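Order of writing sets the labels: A, B, C, D and E. Residues in every chain begin at 1.
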Amino acid sequence: MEKILSQEKLREWVDALDDCEVYAPAFADSVWNFARVKAGADIDLSHTNTIGSVKEFAFPQREVFFCFEKKDGVPVLTPTLPDPKPTVVFGVRPCDGRGMPRNDTVFNKEFEDPYYWARRNKLTLVGLACNQPHSPNCFCQSVGGSPHAEEGLDILMTDLGDRFHVKGVTAKGVEAMERGRDAFDAVSDADQAEVEKVHATSRSHSQRPLGNLDAIAEAIRESFDSPLWADMAQHCIGCGICTFLCPTCHCFDINDEVINPTTGEGERVRTWDNCQFPDFTMHTSGHNPRGDLGSRLRQRVSHKFLYFVENHKTQQCTGCGRCITECPVGIDIIAVLERVGQS
Amino acid sequence: MVNVEEIRGYAAGLLEKGEVKSVLGFRRGSASAFAEPCTLIEASDAASLVWDPTCLNNLALYLVKDRKQQAVSKTPDTRPVGIVAKGCDSRAIGVLLQENYFKREDVVVIGVSCEGTGVVDPRKLSAKLKGRTASRVTFDGADGINVSVYGDGTETVIPAREVLADRCLECRAATPTLNDVVFGETVEARGYNEPFHAAKEAEKVSEDERWANWEHHFDRCLRCFACRAVCPMCYCPECVVDSTTFVVTLGTSAEEKANRIRWCERSANTSESAVYHLTRAIHLAGRCIDCGECERVCPVNIPLRLLNTKLEKEAFEMFEYQAGHDIEQASLLSSFRDEDPNSFIR
Amino acid sequence: MTDNIYLPKIGRIVGINEETLGARAIKTFKVEFPNGDGFEHNCGQCAMLSMFGKGESMISIASSPLVKEYKQFSIMKMGRVTSAFHAAKIGDFIGIRGPYGNQFPLDDWKGRDLVFIGGGVGLAPIWPVIQTAVARREDFGKITVFYGARTSSDIMYEADFEKLKASAEVQLSVDSPEEGWPGYTGFVPANLMDKAPTPDNAIAITCGPPIMIKFVIQNLQALGFADEQIYTTIENKMKCGVGKCGRCNVGKDYVCVKGPVYSWAELKSLPQEY
Amino acid sequence: MPAPDDWTPRSDAYFASPLAQGTPGKQCGLAATGDYQPSLRSPWLAAAATVDVKKVARELAKDDGVVFSEDYVYMCSDPGQTAVIDAIKDNDLNGMVISCCSPTLHEKTFRDASELGDLNAFQCEIANIREQCAWVHSDMEVATEKALKITRASVRRVQHNQALEPIGVPVTRRALVVGGGIAGIQAALDMTDAGLDVILVEKQATIGGNMLKLSETFPTLDCSQCILSPKMVSVSKNAKITLMTESEVESISGFVGNFKVKIKKKAEFVDPELCKLCDDCTPVCPVAVPNEYDVGLTNRRAIYIPFAQAIPASFTLDEEACLGLDPVVCGKCEEVCDVGAIDYDKKPTVTEEEVGAIIVATGFDLYGMEHMGEFGGGRYPDVLDGLQFERLCSASGATEGHIMRPSDHKVPKEIVFIQCSGSRDPENHCAYCSKICCMYTAKHATLYKHHVPDGQAYIFYIDIRSGGKGYEEFVQRSMENDGVIYLRGRVSRVYEKDGKLKVMGVDTLAGRNVEIDADMVVLAQAMEPSKGTAEIAKILKIGRDKDGFLAEAHPKLKPVESVTAGIYLAGAAQGPKDIPETVSQAGAAASKVIALLSKDQLAHSPTVAKVRDPYCTGCEMCVDACPYDAIALVDGKASVNEILCEGCGSCVGVCVRAAIDVKNVTQLQIHEMISAIMA
Amino acid sequence: MSNPSKTTEVQTFEPRIVAFLCKWCSSAGSDLAGVSRIQYSANATPITIPCSGSVSPMYILSAFNKGADGVLISGCHPGDCHYMEGNYLARRKLYLVKELLQFIGLESERFRMSWVSAAEGVKFAEVVDEFVEDLRVLGPQNRLKAER
């Protein structure tokens, strides 16, 4: 389903989704980030890209798996599977959209993750094509995506200036559009032509190239023991910015949080974790298979451009560029891949 | 005006003469318009050094990293390290010396005066550009910052005081006092904001508003620990709150590992993040030298510097203590005076 | 709704045996499923054990798959969870989820000689293989078990070794000389060389401290064992056990799913990340 | 609120006790062993009327790790302790909490019992549910709830207690006495009797202190100097006593059993060995200054001997008063000294002495007369303080024992004594009772009557406090035999008029104003700690009370101990007291020192700081914070001298890395206690 | 009084206070309150520590995190510290903690410090009672309390 939505009618559509929780980017504290939209009037799609990725709607930073307590000395576990309201997220950039199927793969595989899916199934992603890259670090096209990629999105909107072109990509997306059907207009040929033109223009903007991804994967495999990694990680501070902001990083930790030490009551909680933290892989004995920053940088890059490819036939990177832009010390995954490729 | 060629020449000289094993400085990076840290090994590399208001990092962090590396190295290289240091960075070195983290002779401080400027705050710039990115940032020598906006290539001049980092607007010592050489003129008064201006402003709002603000901030914290990771004073082998590094030696017993105190949980909750940030602030009392790195690196832009400058302000006003100014003095919290405030005690 | 992969089943400790003492004490726990929701497992598989309030640890299942009534775990006291196990008493409840990981391809080894080489707590992962092989004695050729510990009091499953002698050749060793010790004195790899089992039609299965495994493999190769004839297990820090949390990978493989059992031929092709 | 069924109110504390579970592992037929840490813990409980102790015991029994929990009445009794010991043994306990009264009372009792049960003393902790709970709350429900929290917190703490052994410290079998008054003299002599070497440090030129200035002593009226000077002579003749007059303690380091004390002695311009006491020097000295030994009633020269009986028996040169140590200016005394005992070039000396224990007996001063403006104190020469009156009565005094007015040397016929002058007046002066004034005023009045039989003595008093053997009789005698008129009431003002001192007072018993034209007024000034008490307290690191007197470690059970181990208190420096009490306390302090130094080793508390080496970065914050200089950097890491460490935890409070902990009060333990309380 | 329902509500809230008492002065002072049978609110649960100087800021943050409505730290009067200086170190450190907590907007009444000597049983009771009263007015502490 393809429709036209005028800028003014956008509000109408949002208001029609009143049985859902609606989120959209908002500029606050000097950053764009997803925020709850209470009314259609609040929505502002002039954003660049959000600082946090859309993954947090299915994979929140904190997920309680179950509560434990003791009844008559026997542990009683109460699972806390989420049951969220249907959630519609507006303004999802295509790179983030492409992140979701990759996360779906991870949380499916042999063992289906019920917490992820309880949220994911209620999630409708409304994408917004990028008419131009937001930063010099955008490289979606270098990793098989595009500024208007539909993969992972339920709806793709394209900004045509005074109006949006809205395409229902999935049944879920179409359904969301149906709910606001009165707000939409039909797509004229001129509209169609303009969408194509905008998309073509958006693709024409130069992005930083990566080269042959297969060659990169091979180069990474070959450079496992290379001193290059330590050199490239020389200024890495080992924080979690790159992975926490990444739309595809999914690593997590599981901890027991005790509420009442006397009764032994508590919760088992999943939180985001990060392959750049030293304790991520450290054995209790103190042995750490990835004990230095170089090996941890290698893991992050290898996971995205080699291991994930080997396991799932695609990169685990959608070229959003957050890890580059937000790195406090200028570690640049494109430059890293270039150097590895050259070695 | 600082002539970057002089810095390059000095750094090259140090490396040539073998007086240092490396020089920490800034170079243009591939990731953004801002400079990135670099470690020079060869004198010929010195040509890549830059000096401008995009040299944000406090490179003293890498002195700490070097020391940690040498401590575990089988073949430690204990030759001195050269470091390009702004006024605040040199105070960081001062605190590290005060805390015996390394010795004065382990470091050659290539001081650079910020003169009348300071460094740009990328978030302020981002706010000005409403999230868009700058592809080039230069200082025009007066009171303006030239910015090329990425995408449409717009060139704008933004008044410096609107995009300079808060710490620079409030800077009390823009020239490194601890140094082996200083480039640039000594400029004492920056003339923008009074010291501790931002913290004083934050104090003015009501208690409930203050909490509303901080609750909002703590709630947004991702616990990516970038603030801690970038802080040169956060060199503890294991953080007291929610460490991501653990000290385990052959002698560490199972009990010690089992009994590690969890003052807060890893969950990125308001409450847990509050414990984390407040602990950091109090542990930096008398140690924070206001390089503002914690605030700069925060991906969600929590004004962390306020917590530290608040305590810096109290230390200065109530105890006449300034971190990094005197490497011989006892630290703020391990000393006292009879006339310390007492009236708050019942 | 599929099973909740993170929700443990409740287990009850019905027996505790103190195997070794000292700073790195080992205890063996016999665990039943009071709710009757136990699971079957294969040789070499692991389970995620919970001490509620302390956390989870991946522990290899040390009992034979042929034993259905309970599962047995030998746990060295190392950190938060394992210390809690060491403080537990009979009747205490724990959480179990699993089984996780691959298995020793025992069926592929029919008719072959089996040489087990274990050291310290590394006996636990191969113990179910030994038990199963002995139970299916006619399926295999000669069975030899090498096992070494620091001292005779550190020998795990001591009583079971006596029984084992009926069906297998048992070669025990202690690291340093001891009065009245009837077995070999010296390290396990040396004992292995001393007894020099033949590689012909044999499979060697080894587990123990990394340094021991390194020399055992060297020595096995010296004895003529091919890489495909040597099996071992590896361990990494694990949290989820189901290949999602991202930390136990060795190259592209999550050890919790693809491991822990590897032939030396396979292991050699993987990066050294364990 | 109705009491629970199983609770019977009692008048005093009773005790519940705790906890038990089987030894883990035993069920498999394995014995618990060395490094195995079973979670057996045992609190015992004791409480009072408003805590439902049985409930506390019952609830605790359900807690994780608690294997035995029971209540018991009077657990500190012998059978109670036996029950404790049995419980430890029967349950193989590795930790115990006794929930009872304050640890200051019975911690030792139960730790001793622990040892008898083969449980390390330091694995027994006390939960105070009496003073901090039962006795201060009336609602049983809330008090019981709080008692549970307190006990649970202690259980959580004890679960992480380490077994500790006291640290043995070798001792120096010498003692230092600071202050050479009767207290110091007595203590020094008593200690030498037990074979200890003693260093006696006195600030003045002679020992003897205030007692030396007294005429007769109440209630026996025996001559003060007659009973004191033999003791002073004993000091000078005692080979085990090193007497250092005109000396002061400058600094101290070390710890109980092993103090190092620096003593500064003023320049000894007159060599006591050479001085023949010929007194040729004083007539030539051109300087006259008030004689402190006559409380300013007479003058002395710059070179002088304080008393004929001074010990050490030598002249001395007052450096401040002397016109100039430069012989060009004066130098007269040196010229006349035949034996050449005088040497102006002498310098002060500082010596370092090692001692095992210290007795502080720095005595008292009278509250300054200048504070008593309303009584004409410091203004009228015939308004005297008690000590000045003593000097008037004393045969060795300025008037050779004749009572006469300093102003005109007339014999006073009407004399008024004002008690509580400066005492018991929290608004204006000292809040406390100076204790001896009632008695010495009665003595003064009696002595006055003996000297001036036709005179009339009046005493204004608030109360008469005459507790003491023969004291009350003495006061009665002064009233009955000597016709002293006691007036109950305060004096509002004393002023001079027509050569008389007009005393305006009130007789509250008669309910009338009283006006007396007196010839002399004697103020029974309050006693205060001697000048320099604050300094010596600071130097020795011992506390002072709110009035400035040296603080005893416990008002009842440790009255002669200071808060610092190895430092003891004697005499009026600790609080106002009379001679017999001072002598008793001096003897008590001496016997404490004798007991302390009778061992080869002292036991130092093992609850000291411990550095977690891998966490320490050597920043020295703890080194700076430690009040005992007990921490130093060794190889770049903080290292605790366990003998110097008092376990205060100042280091813990400043270490940002949590790299240091006080054993058995670790941060982990505090965390666990907070968790237990907030659960 | 004009609003009885509100009064009731305030009265039903029982503040939970963690009180860190130094062993030598304040704990002894609270013992004296006990010996003197001075009645005061049971809302403060004491933890006896060697010295106020040994208080780590973590204790305070942790208590609030675990849900304390108020945290009291009580030590010896200046000059009276059994360990000479611990209370001075405490004073400086806790002043900063107090300022920090106020800065982020925790109600300033929730953190309190007092000097209570071994002789001040009455004062100890007063300190606790006043604290409880002030906290009753504030109501439960939710700002730093863990959302568990």
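Quick notes
By our rule, a contact is a pair of C-beta atoms (placed from the backbone, for glycine too) under 8 Å apart; a residue touches a chain by one contact, two chains touch by 3 or more.
Please read these numbers as outputs of a predicted model, since none were measured by experiment.
Removing chain A from consideration leaves the other chains connected by touching as one piece.
In terms of Cα centroid distance from the overall Cα mean, chain E ranks first.
The greatest centre-to-centre gap from chain A, using C-alpha centroids, is found for D. By count of C-beta pairs in contact, B-D exceeds the other of the chain pairs A-D and B-D. One finds 35 Å separating the Cα centroids of chain B and chain E.
With each centre defined as the average position of its C-alpha atoms, the distance from chain A to chain B rounds to 30 Å. Averaged Cα coordinates give chain A a centre that lies 46 Å from the centre of chain E.
Here the spacing of chain C and chain E, counted between their Cα centres, is 54 Å. The set of chain E residues touching two or more other chains comprises 58, 62, 85, 89, 93.
The multi-chain contact residues of chain A, meaning those touching 2 or more other chains, are 253, 255, 257-258, 261, 264, 266, 280, 282, 284-285. Under the contact definition stated at the top, the residues of chain B that touch 2 or more other chains are 240, 249, 252, 255, 257, 263, 265, 269, 283, 333-335. Residues 57-58, 61-62, 65, 78, 85, 88-89, 91-93, 95-108, 112-115, 127, 130, 143-147 of chain E are the ones touching chain B in the complex.
Interface residues of chain A facing chain C in the complex, by the touch rule stated above, are 65-66, 68, 73-75, 77, 79, 81, 106-107, 109-115, 224, 250-256, 258, 261, 264, 266, 268, 270, 273, 275, 280-285, 289-290, 295, 299, 302-303, 306-307, 310-311. Those residues of chain E that touch chain D in the complex are listed here as 14, 16, 18, 24, 27-28, 30-35, 37-42, 45-51, 53-56, 58-59, 62-63, 66-68, 79-86, 89-90, 93, 117-119, 125. The part of chain B that touches chain E in the complex is made up of residues 199, 202-203, 207-215, 240-241, 263-265, 269-272, 274-275, 278-279, 281-283, 285, 306-307, 310-311, 314-315, 318-319, 332-336, 338, 340-342, 344-346.
Looking at the complex, you find that chain B touches chain A at residues 29-32, 34-39, 57, 61-62, 123-124, 126-127, 130-133, 135, 150-151, 217, 220, 222-226, 228-230, 243-246, 248-250, 252, 257, 265-269, 293, 296-297, 299-302.
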